[in-house]
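As written, the chain order gives the labels A, B, C, D, E and F, with residue 1 at the start of each chain.
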């Protein structure tokens, strides 16, 4: 009974988070096109609904009803599996993201943390672990399509994702050193009390370099412009999902956006204080609305996440695609040394000036 | 930027260059540019089906066969347009008007508009001004065979696009029409 | 109600054996290396199980090192395989017969 | 509950490990191994080694196996038509070792109870800290050796996989 | 957490080697292609320093790094041997690498890194440390074996070496895990205590023993775990082969003895039976198969297998020692491997030196008439081969002498008898080369044969090896006292 | 007794020459080798007078520690058994050089240095008093001999060389094991005299005997192990054959005398019968085989098997006549067979054939040569008045004491020897020369004459006056048989010899010298 109830609550939480994420993805698909359009003095989608706001639904319907083509000679099993493998890890990662303040509420006689599905003590490693699985979807999708473009895209992507994942991991280490925990909840809590405590600028050693490395690497890891080599339209038609259509294509698409959201959430939690407001406490608290103070925190979190998401679009609108060797060289010869140096300096600083 | 500096293959990077690299200066410049556009959002998009651009005066659109004001076709079936067309759009089958041995007309007249490039050479070539270019451009069809136009269709376009027709010269003998039209500076027959 | 240690040992033994058999019967070097990974994982299961049952963190540390070594081996091994494929255009162990006599 | 988890994980691990060896397509083998890695990680979690579980997935699934797949696809390796002809040897060895394992089982049934279970589980909340502490104090020396191993692997892989030795010379 | 200065001082030689290796790896891209020799001299300098430092560690026994490393005369013996053979390998590589157009600086870095692995192996007091040392050594050697990457044979050797090496290390690690389960620790003294406490009637212990034996068997290249050896020795660049055949084997024996005697000495009754069988098989196969080889590197590979068999005799008899008086078995193993190192290194140095049509002359037929073309080289080869065959007054005889003495002392005269019979067989294939060198006329024109330009370094290596072989053959006292000084620490 | 290191000098003097030979030109290396061999002979010559005939102790003893653990010593010494062999070795070596003077054309330096190394090792074997040292010298000979046969030998030399090497090595490696067993059973020493004093269990003695037998019987060679000998003899260059026949074969019998008898008395007694049986088989078999040969060298090789059968026969009858005869026969065989091989070598240089058919009728064109050959042949068949007679007679006398039946069989060997030798002489010396070789058959030149004459002289000297030699070995042989306990070093207090020994001495010694003088 107890277990069943707990399970039910967890499932409800999961459903809620998934709902939010899916909703965000929907919003993002539209937002991206709109923002890109505006930056390029265009309008973006305007037809479906007023000012095109219903465009995501139309797209979704279209993809849902589109014929699902499996190319001749493709490996059917893997071809079907790959999109799922791409999507699931992206969604699983949200389990440890704290969307709001650490608090517990009584629900059916159980302690429930409403803003995090599971506060496990290796949260950040968990995210890294599942982020690394995302590569399988891409590489298998590329391989199973029985198409040269897809294969090349898949291979490129695998190399790129692994290379940049390393930098992501190393960039995070500095934060872990400062916070002394792998749990995202604890890391976020460690940054409470004003923006000067955010790890991006926190003493003893501001993680600004790590932040930059993290952002750049996460852009690369999510295969976004200017690192969208795996799906470079002009070179590889569309990379690993050239041959995909319909819902399978949609899965890849959702996975990419979910990944964007995930890395944005992590970036917000690690470097920008998560749900903490840039000032001590919350305004709602000051004016005596402690009961709904969490709303302010959640809004702050959402704001930070959306800032990062906006950054993705912004970069896409601005930068041209890198050449592949440049991409790799940049990852290994620029990002990696910076991340390593950051770790060394942070470690020294943390040793002499423990927080 | 003078030529001398650009000709130099590699300049030793100065401190400023390093600083620029380290702070992603160029990148930020680019991003500022895009952000500026976002903030000063002035779309140049035309919502086409809803609003349309003004066409220029000499716009060359769909071709049409014309008639005189009395409703007779201008075309005399001379095949000159067919000869002039670089894309072989036009096919003309000419014949004599029954009972009038010297008078010719186009028995059939076809235009394959999928091939037409709207150069206007046929219009220039026509001795009797039987061809004209309209300002129609929305000719999307579901079946491209629909773009294979026959004489009736072309005449219909002409009727639609040229409501005002040229007056037929009554005094003109059909046999000298050629001269009348082409050499307008010559003394015309009296009306 | 904890799981007896022997269960883990049998499991790891089985996986290890499978790995050994794989090394012996497969011709593709890559699959052979995969089988070696099976063996290493069997070892890791052992280590972790012992670590839990002895309440000794050393076992987990060993797994950590085993992982490191596995990663290093894979890097070297795949580099060799790629270079081999470049010169021999085969990665079947049967086809490696230049060095006989 | 523990038993259920164990038997689930054990069953999947055993099945997939056999599949790794038995499947003829290297990609399928690798995928079986992927599934196995996940379940091994699950097993670790039941054994209170969460850190290792995560590391298992990060390193094995995230890095090692992707590399394998990468190479399999890069070299466009097809499935094998036949197995190596060492099957009898393998069978013999298997039977031999199986006997050993059975012996082991019989023996360890009695021995498993031998080590006294101490009161506090070492791998509690601070599993990661404990490992880190051990790594940087007791096992400092092996840790350094391991780092050298990685150095060798890195440079060695570059040397071996580089196309032309004198590439940088010609530039 | 205090700064482990004491511990760091204890492993100062290792640190020097590591530091030099890193320095070399860092310097390599900076230096021009023609200046790679600098790296070799750097290596030698580091080795010289290490020799000096390790010489001071010849007495006493200290543990470092929470008892994971042990600094004692046993380790010091192996380390000194390893320094010397590494130094000689580096010297002989100088000219060889140039001739093979393999002048890449990483080579020296890898040699040093492999050396670190070996040093860790021989001075590890913990199975984990030893395992990691083994891996460090093996990984470096895999790369070095495949260094001639444009040549299919080199890569094939590397691949074979790698596959079997990875397999064996997996087996080894599984054995270690079982031992960990038995003793609750991988430290050798603790394992020894556990074995004495619980006895040896434990199938898990037997399984662990078998697995460890298999794992080390691959590293030692004993039958039936030898199959990689001929291929790898043949395919790898000769200087690497020399290094593998000598240093890797020495370090493996060092670690093997330490593990099996110090850690598993309590179960020696069990494992010595196993190793007796392995030893017999090794002697038989190594010697018999060597006879039919036509490639000298392959032949030397089988010969090295056979020599591992001889050394194993010492191990077995020391473990089963039943005669009166102290067993000198382990000391004889130490001495045997030291002696083996010199002669094998010398032989491989010559193989690498002699060339035919710009290639290495690997076929035994290529040595026809060598005594006429290169009397001195032929003479050197003669001495090395005679020593390998164990004929006095060379060091090979002294090595076999002590081994057989240990066998007789240990009450295993029959093993000694078997061994001498195989020694007689071994003389056949060694002498075959002598025969080809001295008694055959060269086939083809003489001009196709050549050798590396007489570089002083190479000459020095050969002279050292020859001096070692002859000097140790005539005056083994010093080495023997070193070995007897080092070996008892095992028990 | 002097403290002058005579023996070390004799052992290592040739080694200096060996190194020197490498350094000089081919021409001069011959002279260097000659100089060093002659010099070594001259160095060993004073021993003849310095040798104390009255004692059975080791003389000219030198001791130094070589390997500290286990205690291997560099200890040299000489007694009545080794003395004649050492002198014979140094005596023969110069002739080996001279006979190779023109016969060896390629790689002369190597050849000469190998000869000198051989000399050092051979002398070392005879004077070593430490078992390991003995073994080292014993093995050191293998490689030079292998090269001598393999590089400068006949057409089938590779096979012969490797066969020789493997046979000898296999045997001697077993010897090594036996030595090590002795070390642990005999009080942890390698000293031969110490070991000789020890007593060992019966079964151990059996095993040790078999191991010793493997080494020594191959070297002798006794009957089943003789097959390497004809090949090696035939293919070896003349000097090699001489060394093989004259010195190397003696090492086996020397080993029996020095080690088997004193150390393993019980086993020796137990194995007497089979050993004697093998010896007789060797005598008769060798002789029969010799009869069948068409190759002169092979014939002489088989005759060696036969003659060495006499030696082992003499040793294993275990009485003083037998053993003295054996030692005597060792020396004699060395001189006679050495002479025969020299002769064959000389004619081979001319006709480039060793076939009897190619070398017929030498008496005409080469009268001097024919005479010398005849003398050696007669000596070989044991004609009274020549040296071989003394040895063979003593051996037969000793055998007679042991068993008349055996003597009868052994005597058959003498008769057969006469048969094959005389038949050989008939074909080679007499008859008509083969026309193809007629032109090459020049008589002996000065060098060759000088090579053969000393041997001829010795054939007669030893045949007529064997006593000086016999007297020098007498004390040692007696001591050897006397309870089969080796004497202590000369410095140690001497043990009183038993009266029975003295009586035997008195009974035997005059008789043998009488016989000798009577002829």
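Here is the rule we use: contacts are C-beta pairs under 8 Å (C-beta built on N, C-alpha and C of every residue); 3 or more make two chains touch, one makes a residue touch a chain.
Quantities reported herein were computed from a predicted structural model and do not represent experimental measurements.
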**Study point:** Both-way neighbours, i.e. chains that touch chain E and touch chain D
**Key:** C
Check your understanding: Which chains are joined by the largest number of contacting C-beta pairs?
Key -> C-D
Check your understanding: What whole-number Å value describes the gap between the mean CA coordinates of chain A and chain E?
Key -> 53
Study note, to complete from the structure: Averaging C-alpha coordinates per chain, one finds the centres of chain B and chain D separated by a number of Å equal to 71
Practice item. Would you kindly tell me how far, in whole Å, the mean C-alpha position of chain D lies from that of chain C? Key: 6
Practice item. Between chain C and chain E, tell me the centre distance in angstrom, where each centre is the average of that chain's C-alpha atoms. Key: 26
**Study point:** Where chain E touches two or more other chains at once, by residue number
**Key:** 128, 132, 135, 139, 142-143, 146, 149-150, 158, 184
Exercise for review: Note the residues in chain B that touch 2 or more other chains, in rising order.
Suggested key: none
Review point. Considering every pair of chains, which are in touch?
Key: A-B, A-D, C-D, C-E, D-E, E-F
**Study point:** Residues of chain B touching chain A in the complex
**Key:** 24, 27, 30-31, 33-35, 37-38, 41-45, 47
Revision key, fill the gap. Note: in the complex, chain E contacts chain C through residues 128, 131-132, 135, 139, 142-143, 146, 149-153, 155-160, 162-163, 166-167, 169-171, 173-174, 176-178, 180-181, 184-186, 230-231, 234-235, 293-295, 298
Check your understanding: What residues of chain E sit close enough to touch chain D in their complex?
Key -> 1, 4, 7, 11, 18, 22, 25, 29, 33, 64-66, 68-69, 101-102, 104, 106, 109-110, 113, 116-117, 120, 126, 128-129, 132-133, 135-136, 139-140, 142-143, 146-147, 149-150, 158, 184, 202-204, 206-207, 210
**Study point:** Touching residues on chain D, where the partner in the complex is chain C
**Key:** 1-3, 6, 10, 13-14, 17-18, 20-21, 26, 29-30, 33, 36-37, 40, 43-44, 46-49, 51-52, 55-56, 59-60, 63-64, 67-68, 71-72, 74-75, 77, 80, 82-84, 86-87, 89-90, 93-94, 97-98, 100-101, 104-105, 108-109, 112, 115, 117-118, 120-123, 127, 130-131, 134-135, 138-139, 142-143, 146, 149-150, 152-154, 156-161, 163
Check your understanding: In their shared complex, at which residues does chain A touch chain D?
Key -> 75, 78, 120-122, 125-126, 128-133, 135-136, 139-140, 142-143, 151, 154-155, 158-159, 161-162, 165, 169, 182
